[in-house]
Amino acid sequence: MTEFDTSLPGIRQVQNYIKNKQEVELKLVTDDLLVGKLIWQDANSLCLIDHYSQETIIWRQALVFLKPKA
Amino acid sequence: MTEFDTSLPGIRQVQNYIKNKQEVELKLVTDDLLVGKLIWQDANSLCLIDHYSQETIIWRQALVFLKPKA
Amino acid sequence: MTEFDTSLPGIRQVQNYIKNKQEVELKLVTDDLLVGKLIWQDANSLCLIDHYSQETIIWRQALVFLKPKA
Amino acid sequence: MTEFDTSLPGIRQVQNYIKNKQEVELKLVTDDLLVGKLIWQDANSLCLIDHYSQETIIWRQALVFLKPKA
Amino acid sequence: MTEFDTSLPGIRQVQNYIKNKQEVELKLVTDDLLVGKLIWQDANSLCLIDHYSQETIIWRQALVFLKPKA
Amino acid sequence: MTEFDTSLPGIRQVQNYIKNKQEVELKLVTDDLLVGKLIWQDANSLCLIDHYSQETIIWRQALVFLKPKA
């Protein structure tokens, strides 16, 4: 579905958010807005950890947008 | 649609939930939230078993997110 | 979009429902829940027959989940 | 997105509806239900003609289900 | 996502609407109905110009149906 | 999912909006309408910067339409 080419700006920006433990907001196709820190990404999915240290796997096909938490 | 590479973190995490009979919550594009234990995954679909031992096949294109039941 | 590999568990489970004339519930992306018996599947679509012997072709991209009718 | 293999049962069934000028109901991802006769299909789209002889091109990615009009 | 084969009937029909400056209605997955004239199409997108000469790029994955304005 | 061929009209038009710092409206599958300036695009995503200099990564699969802000 997507190319997982780690030199792409979008993939690198997500990688920076992971490295910097940046809190982010992630909008999904269901209109859910998840808040937390990304801990890894792979070709199919991302993993977000919330304030309660709970891990959520999010599939890439469900992604709409991502921004640093204001 | 997705690569079914069992070395990917997302695929392995799902495999761990299957092995550990972890109860999970699975959010779908229809906004349905299914609760139960995953019993297998393949390239196209996952199978969830609920409290009444009923098996539901879920297609990957419908997946939004997955987390362990709190 | 999907691999139509008849050795995959998900494809085989659907094939079993067809063979056993199992009544099923099929949830679609539009939130429709169709009830009936599956009579065939191919790489792109499935065919469901309802109580009035009417045949409905359902495209795979619209599939969310499938379970035996309780 | 889909294989346009004219030997597949789903593609052949649509071809039969075209040949027989069968009136059909076509459900789309927007929940629209279009009624009319199919006049052609190709790898990406289908064409429906309604009672006013108006032609509508429908993209395959928007298809949910199809059945003969009752 | 789609084959951009200019010999396909659907692609040719869109090309005719462009050539003839036919006013069209374009239904999108968000349920928006855009009205205007198509000015070009490529493998990923179409461009529509409205009554105020404003150009809108529409991505193919968002297309549902297209018909000539009645 | 899409071809990222920089000679395609749609990709070039987006590139022009980036170069000209054109303010745009971007409609997404969730029905969100984002307003701002595009700062880059790659094969999978686009990046929009808003009035508060906040960067939002938008995945291509979520794009519906784009137009210059009126």
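General remarks:
Order as written gives the chain letters A, B, C, D, E and F; numbering starts at 1 within each chain.
Rule of thumb we're sticking to: a residue touches a chain if its C-beta (ideal position, glycine included) is under 8 Å from a C-beta of that chain, and two chains touch if they have at least 3 such contacts.
Note that the structure is predicted; figures quoted are calculated from it, not measured.
Shared contact partners of chain E and chain F do not exist in this assembly. Look at where the CA atoms of chain C average out and do the same for chain E: the two points lie 33 Å apart.
Centre-to-centre spacing of chain A and chain D amounts to 38 Å, using the average Cα coordinate of each chain. Chain centres here are Cα averages; for chain A and chain F they lie 19 Å apart. Residue numbers of chain A whose C-beta contacts span two or more other chains: 1, 29, 61. Chain contacts in this assembly form a single closed ring in which each chain touches exactly two others. Chain order round the ring, anchored at chain A and oriented towards chain B, is A, B, C, D, E, F. Chain E meets chain F in the complex at residues 1, 28-30, 32, 34, 40, 42-45, 47, 52, 54-59, 61-62.
Interface residues of chain A, counted against chain F in their complex, comprise 1-3, 5, 8-11, 13-14, 27, 29, 31, 60-61, 63-68, 70.
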